[in-house]
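Note that the chains take the letters A, B, C and D in the order they are written out, and that residue 1 is the start of every chain.
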Amino acid sequence: MSIVINEPGLIAEPEPIRSRGGILWDTIRRRPSATIGATILSLIIACAVLAPWIAPYGLHEQVGPPFGAPSWQHPLGLDDGGVDMVTLLMWGARISLVVGFAATLVSMLIGGTIGVVAGYFGGKVDGILMRITDYFLVIPDVPLMIVVAAIWGPSLFHIVIVIGILLWTSTARVIRAQVKSVRERVYVKRARALGAGHVRIVMRHVLPQVAPLLIANTVLTIAVAVFDETALAFLGLGDPSRISLGKVIENAFQRAAISAGAWWAIVPPGVLVALLILSCSLLGQALEDALNPRLRVAHVSARGFRLRPLVGRNADAV
Amino acid sequence: MSPERRGCGGRALSSNGADPLLAVDDLVVAYPIARGLAGAVLRRPEQRVLAVDGVSFSVDRGELVALVGESGCGKTTTAQAVLRLVEAMSGRVSFDGRDITELSNRALRPLRRNMQIIYQDPYESLDPRMTVRDAVEEPMLIHGLGGSREARRELVLEAVARVELTPPDLFLERYPHELSGGQRQRVAIAASLVLEPDLLVADEPVSMLDVSVRAGVLNLLDRLRQDGLGILMITHDLSTAARYADRIAVMYLGRIVEVGPASEIVENPQHPYTKALLSVVPRRDPRDRKRPQVLTGEAPDATRIPSGCRFHPRCPVAIEECRAHDPELLRPRNAVSPDHRAACILA
Amino acid sequence: MSALLETEDLQVWFDLPRGGTLHAVQGVSLGLERGERLGLVGESGCGKTTTALALMGLLPASATVSGRVLLNGIDILRGAEETMRPHRWVDLSMVFQGAMNAFNPVKTVGSQIVEVLELHHRAAGRAARVRTGELLAAVGIPDDRAGRYPHEFSGGMRQRAAIAMALACNPSVLIADEPTTALDVMVQAQILELLDALCRDFGLALLLVTHDLPIVAQLCDRAAVMYAGELVEHGSVDTLFHAPRHPYTRLLFAATPDLHGDGLPASIPGAPPRLDRQNEGCPFRPRCDRAFARCVDERPLLRTVAPEHGAACHLNDVAAEVAH
Amino acid sequence: MRGADYLLKRTAFAIVTVFIAVSINFVLFRLAPGSAVSNLSRVPHATQETRNALKQQFGLDKSRGEQYVLYLKQLVHGNFGVSFANSQPVAENLRTAIANTLPMVLLGTLFAIIVGTFTGVIAAWRRGTGAEGATVTSALAFYSMPTHWLGLMLVILFAGVLPTGGMTDDFLINPSWWTHVQDVLKHMILPSLTLGLVLFGEYTLIVRSAMLETLGEDYILTARAKGLKPWAIVRKHALRNAMLPIATLVALSLGYIVAGAILVETVFSWPGIGRAVYDAVLARDYPMLQGAFLVLTVSVVFFNLVADLLYFRLDPRITQ
């Protein structure tokens, strides 16, 4: 037990979590980093979703010379095929996000299930599942993705599956830890003592408590999935028929955009990927922080406590 | 009103010849100790800790029995074994005359509504996402009781009123974080009462509450006892046991070393451990300062149980015979009450 | 005559993480004489631990403090952290609640005691290690245990070691914050006996912060009762038990169960007020069994009601008027 | 005794993991439909001779069980097969590649550890100030950038100032030993910096949260009560304890860094293990790919074991 546990003001009261949307919305409203992350993320998602309607030019439409410089008509210039970069980025973000979300969904389903089952049942089941997770955790994911993608051949579906089945380990561990702690809470013990079934306890008590953490983890996983897709595409293992942000960077690199001095073909897609990952990290991290009771108040920091001068009060009064 | 004078219902029932509500007979509970991979490879024998080693007692309707002891003495394990939340290695637990040690989980389920438990930590006793109403209603839903939604609401209101949260309808839609520790513990009790149990196991029900509200929760339990509920209270606090229990059983290293009517245990203890335990309880009145009889040595360790009387290494009056002879629970020579038992050859 | 350690109108506010402030300590003035044992009693959240931490200037960055902390008549709070630090452990030392975590888990217990000795130039090298052994022996721990890590000690042993560490520089005041909470009754008795002996042998002044009235009744000379950030009554433990002048003190004793005697303890209805809001009148009024009109809008001040006995209750004024 | 048990468990885990990786390798490369060897026609530039050699080498005429045993036997003898691309033994190719990768990766990691620890401690120490905001923002920014893209940005920025590709200058003929080292170091700067910057972001965030968690511990309050000055507390108590998670995470990440070097080495044409993987993918050089994957897995497992041993050294509680 901590010294400060009983003193008000020394620790933040754990924020009551009531509705699933509640914690997400609450965090976005209260934490500036989460606000920024959520804003950027929703802007990118909006552009990507609306690409077919708001993109200024066609995706395969040659509107100028290869590596045409930025101009008023084409603020980010043209790529090696003379396609408008803004258009390319919108469509690219679309594919990157699809891969990111789909792969995350796969990994959440696997990781969430394994985490809940291992954490809830504990004992032997937990031992076996966590051993499996440990092995998956140790296998280096990028090389395995490369090997699998190389063998199966490049396609969007393969990429989603490959990323998805390699990313679930951290989710499984985080969720398991949380489920284990929820399982030991008195109200769950009491429900068990009452004779409630496993399904009921999991659905009614465990899952709602774990859901916010699962959301935070999902957001962080999206960032990793987007990164992995970019890396795979860069290594020439992306789906050749789809243009993702990774593919845009790879194209520029392969077609020697750098030696051609066409920075606009390579800087913006990277910035966009970085923004995408940054916004997910900011949002996910803020959510995790909000849910983490272990981030207590530091006992020592650069700034000490403040003194308020004795004004108007009789300092000699005892 | 002393506990003895308060005594009602319970004794009478059992003297009528009926079975006690809860009878525990020679209960033994063991936990395995992990021997580790190295141990498994070297084929070391699997070891077990005897957390509870031959415990017998009973609880009647309308009776509050307190199991008292230091941490690690096996009192909480005993409570869990009574409710079959941990499995006993041997011994019998009978509920209302029926042996429940061998019942399957399925057969046990309808019985579970008759025996309820409340835990120590009021801050974790309620699901933070459920209102008081949901929390009190849940046991009925689990057991498929209470009839219609409206009927259930009535029962919830009744239970909330019974734990003295007034006015009850004001509390129904509140969330746990809007309640104080004492109120949460009352809601937990209400959630147990709604099933109309016969037995309530209370595991350190007030040790995490503030002093000013403890008495409120305990007095509530006392009134429920008067209404005929059998209560088994686990506590480390002898003062609380002395005030509220009809009978006290003192545990040491997995055994009951002394048991009897509360007033007799407090005023006329016969086992040296009970005497020591009573002497270290700080008194409220500053004028009442006595030198406590502090036992030396660390708290006992269930992995290393001494031979003979298991209390002898710390016993201030141990004689040579105590090393070899494991005493039984017998009526002490100086006992006043016929129900007083102590496990000491000198008593 | 000035006390060894004294606070004057000590106030502490905390910035809350979700905005707003919490007035945790609301003008506490206490005195501790040389060799005296004072119990600071109250329920959770009443500000007793905050007061203890403020005495040593150990508050976090979210705190704002005002008032004075006088050590031998000199204000050591005036320069915050900087003026406080030289007195820490040398004049005032502390034993924390739940000593499980008071030791750094990756360093040996002995080395953490040696650390203070060397820091305050009491001893160094071999001499410091010898002194550490003596200190441990003084609290009943075999001195060869100095090289062990904290996790190798039991809860009671760790609390003893923490006390040994607190005595390292021969302080004049020992502040013990819930030193026996989370310990078993028998171990609690051992620790209390040890504190008692040490105070006697070393002439230590003891400030015992606890929620447990009987412990104070047994160990202390005087007690100060806190409620909702305020000192509501102080006096000798005997007076407080037999002739309390504040309803809270009386009701708190009535709520505490005792081994012998008759009747059931009675609880105090209601809950303490929230300290993150401005409260009018007497903070105890909603729970008080003898509140009257004046309690609603006038906050009672701590007044001397008898020699060495102060209470903050309007009833005492009424009693005084009646006496006139 | 518990300590011995811990070591035994961790070592057993490492061995089993390597075995599993070896088996995954077998499954991926031999059994999966359309995999390398079961579909030899997909191997480009393969003469009939190579194919026959392969068939014999992999024992494709035998049952799968026998193939597996044969495969394990070959591995035990360090035989990874022959590269399709340059007809050299894979083991030989891998050895050179690793020798090239390690110095570059270590330099980058060292940079990240030193800078990241420093900024992480500052961020935790100055919590709630502008300094924390600045460090965390820059750390997050670097953490978010795709590694290869950051490399390309450095290429754009430093083109002409520093060498941006390869490991040596081809125009240096018969350089002395010293000029050769200088030349390699110069080539190493950008790839190492890329790796270092990405890792710097990650390490800063890790160190910061480890420090924050430690600074909230009760023994920090005790240290303050003992009269230690704030920086002494950070140095003597907080950092020492925060190093526990940090050390293990760094050791852990070292394993992944070798794997992650693929992107950096591709951008800077650094002839290391990552570049070897990239080339093998392009050339469909399966023996090489298989060997490289195995080496990378073993390196992660190895550093994992190092992390466990480190923890064992640093945390006395494990021997309990």
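The rule we apply is simple: a contact is a pair of C-beta atoms (placed from the backbone, for glycine too) under 8 Å apart; a residue touches a chain by one contact, two chains touch by 3 or more.
These figures come from a predicted structure and were not determined experimentally.
Of all chain pairs, the one linked by the largest number of contacting C-beta pairs is A-D.
Most remote chain with respect to chain B, judged by CA-atom centres, is D. Nearest to the global CA centroid, when each chain is reduced to the mean of its CA atoms, is chain A. Work out the mean CA point of chain A and of chain B, and you get 48 Å between them. Chain centres here are Cα averages; for chain B and chain C they lie 33 Å apart.
Separating the CA-averaged centres of chain A and chain D is a span of 23 Å. Multi-chain contact residues of chain A (touching two or more other chains): 2-3, 297-299, 301, 303. Chain contacts: chain D has residues 128, 217-218, 221, 223-224 touching two or more partner chains. Within chain C, contacts with two or more other chains are made by residues 44, 58, 61, 96, 98, 101. By the touch rule above, chain C contacts chain D in their complex via residues 56, 58, 61, 85-90, 93-94, 96, 98, 101-107, 115-116, 119-120, 149, 151-152, 165. Those residues of chain B lying in contact with chain A across their complex are 83, 85, 108-109, 112-113, 116-121, 124-129, 135, 138-139, 142-143, 175-177, 188, 191, 195. Note for the complex: chain C touches chain A at residues 6, 8-9, 11, 13-14, 16-18, 22, 24, 29, 31, 44-45, 47, 49-50, 57-68, 77-78, 80-81, 96-98, 100-101, 177, 181-182, 275-276. Within the complex, the chain A residues that touch chain D are 2-3, 134-135, 138-144, 146-148, 150-153, 223, 227, 230-231, 234-237, 246, 249, 253, 258, 263, 266-267, 269-270, 273-275, 277-278, 281-282, 294-303. Residue ranges of chain D in contact with chain A, taken from their complex: 13, 16-17, 20-21, 24, 28-29, 32, 34-36, 124-129, 140-141, 143-150, 152-153, 155-156, 159, 209, 212-213, 215-218, 220-221, 223-224, 230, 233-234, 238, 255-256, 258-260, 262-263, 266-267, 277-278, 281-282, 284, 289-290, 292-293, 296-297, 300-301, 304.
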